[in-house]
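Look for chain A in each of the two complexes below; its partner is chain B in the first and chain C in the second.
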Partner chain A sequence: MSDICEETLGVGLLCEGQHDPGTPPAGLRRAPSGVDGLTTEHLIINMGPQHPSTHGVLRMIVEVDGEEIVAAEVSVGYLHRGIEKLAEHRRYDAVGTLMDRGDYVSGMMGELAFALAAEQLMDVEVPRKAHWLRSLASELNRLASHLVWYGTFGLDTGAMGQFLYAMREREALLDILEALSGQRMMFNYIRPGGVVADMPTGLAEKIRTFLSTFDMYLDEYDQLLGGNEIFQARVKGIGVIDRQMALAFGLTGANLRAAGVDFDIRKARPYAAYPELDFEVPLGSTGDAWDRYTVRMAEMRQSARMISQLIDGMPEGEHTAKVPRIIRPKAGEVYASVESSRGETGIHLLSDGTEHPYRMHYRGPSLYAAQALEEILPGHLIADVVMIIGSTDIMLGELDR
Partner chain B sequence: MSTLGISALKVLAALGLMLGNGVVMIYMLRKVLGHLHIRLGPIHVGWKGTLQTVMDVLKLLTKEDVTPRAVDRWLFRLAPAVVFVPSLMAYAALPFSDTWRITNLDSGLLYTFTALSLIPIGILMAGWASANKWSLLGGMRAAAQQIAYEVPLLLSVLPIVMLVGSANLGTIVEAQQGTFLAVLPRWFIVNPLFWPTFLIFVVASLVESNQTPFDMSEAESEIVAGFATEYSAMKFGLLFLSEFSNQFIVSALGVTLFFGGWTLPWLPASVVSALGPVIFLIKTYLGIFVMMWIRGTFPRVRIDQVMQLGWQRLIPISLVWIVFSGIVIKVWS
Partner chain C sequence: MLPATADIERILAGIDGVQIAEEILGTVARVELAFVPDALGALKAAGYESLVDFDGTDTGEAIEITYRLRSYAADREVFVKATVAYGGTIESVWFDYPSALMPERETAELFGIHLAGHPNPKRLLTSDGVEPLLRKDVLIRTVEEVKAR
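Presenting the complex of A and B:
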């Protein structure tokens, strides 16, 4: 029984019940025997899937010596909904709703990744205005997503205030996104060929009003959390993912840039309106939790900058190309990726020429970040575990699909 | 009335104060945190939500009291009482005014600290008996941090005892009566000699009452609910009540030691002696408000940093300060 378990799941510990009680669980070490005949044993703790700060339903099996982590195992899949398989039974214009439910805090980027992949197969010319609207939607959504990260990171440290402050700004952003797409989180706004609707009248003004106070509030928030000495003592130097390790684990997004690797899909493989925009890619140096914090805070400032450029330079024209009601792209295999709030969100699409994708692979950056956790957690304390998870900003919806 | 009857009445009074304080503080906590967090807090039950706490107590009383199968039943049931009783005991020596106090103990200060230091035993019992790993971690943390901070808490206030020449809390308050330089009160907080003392006292008492940023033993983002994870219904209620009560006690101690207790130098003596308990309670709740303010704003310190601060910083500093202030007091007098 245990053999089957290990073979199918690759993780001995998941089948703990079936193990011979004498054998220690695979992958974990037993504590050395103590002195004077007294022995100590390591404690194995299940962190999650029902734990207040595993950001959803991540399960961590940690082996602790006192409070210090000796070994950690990440067990994922508690939020698996089979998005990739479901996509095989949807028409191309309906997959966007699934992408919203992947990374549900930044749905626009997921939709955009799929739309870009589908458009490569469709040979369709996307109008310039659609590109700009897509970038606008992405950046607004990135701000909303980073604010959630900021708030929950605060919660992980035990500070409650910043979460609710961040939610205030996010509320304004969700109102804007609702005005743009008709929905607060499950947008289905970006479709193959363009976007679903033009900006409504007065939205530009609304966004300008939001931006006029946002920078000030962001400075305040940065001061409130990042300026706090207790917070700095908590995050500086923990959860170091250096350059080499980040590349080896395939990390992308802020987690990679915090280690000093200058890689941003918006610059490296430009899409939508990004080639026309003026923005910087913030970089860290050591790759610890503090660097990830500063990089994300700086990214928010860049996003706000981009949004104001996008509002000012919004071109005239059609918001979508002419797309047939039922999309039947040519047979082929493509990959398209975007820089989502968490890193490279990619869609690998295989088409057999029918109205459904033959196979869709969803590359979500959180899975890669979660894998790195096993490597970086040992040696830290239990309190650091939640901080490190928080600093990598993993999103279980996208991790488990 | 017999002595026994009077003693019984006094215990009832302390119990009433403790329960009343719990109800007031829960409402206050929700409102204060609410407004700090740009929300409103409770608004629906009663005027401005004032009856919300009453409803919550009713809810706790009527809830199913779950005792998980794996727990050590006796310890599990005993632990809330072991946490609750010392917390109740600590009210005995607090001077609410020159006449309003339960007992007039000459060793009042030591007695209160002793009562407070019994609490971690109950928390450790709760953590161990729960047969839950998070509870165990919470209980261990509580024990470790309370042992580490009892020492600096007591050491920090010794300069005051040396100056006053008594550990009677009433005498300490009486030593702070009157004004100097026309307006400044003679409170010990105004005296620069006691500023380091006060800082150490604030930190150590936050730890003792298990408040943010030192709420290690039930850090909800790390160890779920710590020692209280497996408790439900009124057992949980008792654990919570004693936590609020501890907060009241350390705030009241702070008021007594540094802010002149029931006295207010700018009012005539007759008014002060009539309003003593009111002044004392207002000062105490102001102290509690500051604790809630900290709770609404600050992130939590990590356990090893807490221990380091206690053993390596606060204890040496308070020892040095005892020697220094001893010399100063000797030379001054």
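Presenting the complex of A and C:
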């Protein structure tokens, strides 16, 4: 703004330091809107931590000019349980219970990340069957997690019916996961050395029955939400995270791939049975909320494809290696990453040779997606906030840990 | 993923006291705390465009901080490590790597260190007055409580 005062319609003189609706205040970005020459007082509002569309306990502090966001701050920590500290007091075979409670919608991947990290320091060879069961559990869990995202993302836009359909499919998946692990969500199935139990008799058939209709239902769901013009109008073009911003904010997973970056841990750093599976990595182009939607929908199709291959090709053999009752990995420092439903879940593990981890750092992809919100929300309307949060699929359990 | 040792040696050649090694962890560059912003700036300019993780460890003598950087174009990763004294100060690298904003706040509060040059150096996860939980001298159960179990 110039250092001279300007006469503005309806307001009188606007001088340096005052808010001019035509130009953004220093440090804040504003989208061009119907500027009518009237200055408005900025309002700071809290969204959350009990807001229904914050996917848990996320709190957003947004500064608005009318309905338009000029600045946003993400406030987290409402679900902090000290998982990293607690892990220092758990034995290696019990840390999986903590990982389940991190990203509690896709616990299998958290367990797998920790198991992969611990195994790097253990003198253990994981059987091929355990690798396949781990991939099977992960992909089933990814489907269940993406269905939660699909259902709640629809709710964010005001679509109610498709949430119930998504939950119907998810229930079937949770039944399968319960048959496999004994638990619906807090699995504790993947442990250092392998998995807890082999597939029970009849489960393969149950999964095949599920898959026989899943692709058809998924097409229906895609039509129901993605084919809806109102939904398209609301998500296309909002919350754009381009390649540069995605890399700058350390985004991973579908949020990164929606920006066109071809990086999937399952392909780039293959683990478990993924090197033996045939699947594609769906990519977006512009990185808006619509691209994130299409990438996740395509990921579900790929997961179903992988599950089919995993069931058909499940090898014979042991489901776990022989692991001592009390695991004492050698001293050392390792890092293991897996592609979880939300992006790269990483475990930075330090062992001092005792039965407890010396230090375990849990890298959750949601933390990085949440802090990118501060950058992408300004310029959008309040109604877009919940859409953008929904499109990034953040999980507060792994964000706060 | 390709080993990055030779690449990192070339990039960090102008910075004093850098030690580069291939470990189980991966390619690790140990840098003096004062040179961390320079080292990360050089790595950013060389294509390590994404900071994908940042955390700390209480070694019993000091806090060891670890930056994990990734170059998507070259498919390489490097861990940059530095040591900061208890209660010491680290320079924020948010300008080069905005993804460090929240992890730096978290590490600072959980290890009891200070942030310099951070635009929003508030606590991230815990409330004011909570001890730096990830320090080894902060116990989640007292010795008496453990013995009584």
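Going forward, the second predicted complex is superposed on the first by the 361 of 401 C-alpha atoms of A that agree within 3 Å, B and C clash if a C-alpha of one lies under 4 Å from a C-alpha of the other, contacts with A are read in each partner's own complex, and residues count from 1 in each chain.
Operating definition for what follows: a contact is a pair of C-beta atoms (placed from the backbone, for glycine too) under 8 Å apart; a residue touches a chain by one contact, two chains touch by 3 or more.
Model, not experiment: these values are computed from the prediction.
A.B. asks: In the three-chain superposition, say which chain, chain B or chain C, touches more residues of chain A.
C.D. replies: C
A.B. asks: In the superposed arrangement, does A:Ala159 touch chain B (first), chain C (second), both or neither?
C.D. replies: In the superposition, A:Ala159 contacts chain B only.
A.B. asks: With both complexes superposed on chain A, which partner does A:Val334 reach: first (chain B), second (chain C), both or neither?
C.D. replies: Only chain C is touched by A:Val334; chain B is not.
A.B. asks: Contact-wise, after the overlay, does A:Phe231 reach chain B, chain C, both or neither (first, second, both, neither)?
C.D. replies: first
A.B. asks: First (chain B), second (chain C), both or neither: which does A:Glu375 touch?
C.D. replies: Second partner only, chain C.
A.B. asks: Under the definition above, what is the set of chain A residues touching chain B in their complex?
C.D. replies: Interface residues on chain A, with respect to chain B: 43, 45, 51-53, 67, 154-161, 164-165, 168, 224-225, 228, 230-231, 233-234, 381-386.
A.B. asks: Could you pull out which chain B residues touch chain A in their complex?
C.D. replies: Where chain B meets chain A, its residues are 33, 36-39, 133-134, 137, 212-213, 215, 219-224, 296-305.
A.B. asks: Write out the stretch or stretches of chain C touching chain A in their complex.
C.D. replies: 1, 23-26, 49-53, 55, 57-58, 66, 68, 72, 75, 79, 97-99, 101-103, 110, 120, 123-127, 133-134, 140-141
A.B. asks: Contact residues on chain A for chain C in the complex?
C.D. replies: 73-74, 76-77, 80, 82, 84-86, 89, 120-121, 247-250, 252, 261, 263, 268-269, 332-335, 344, 346, 348, 350, 358-359, 361, 363, 367-368, 370-371, 375, 400-401
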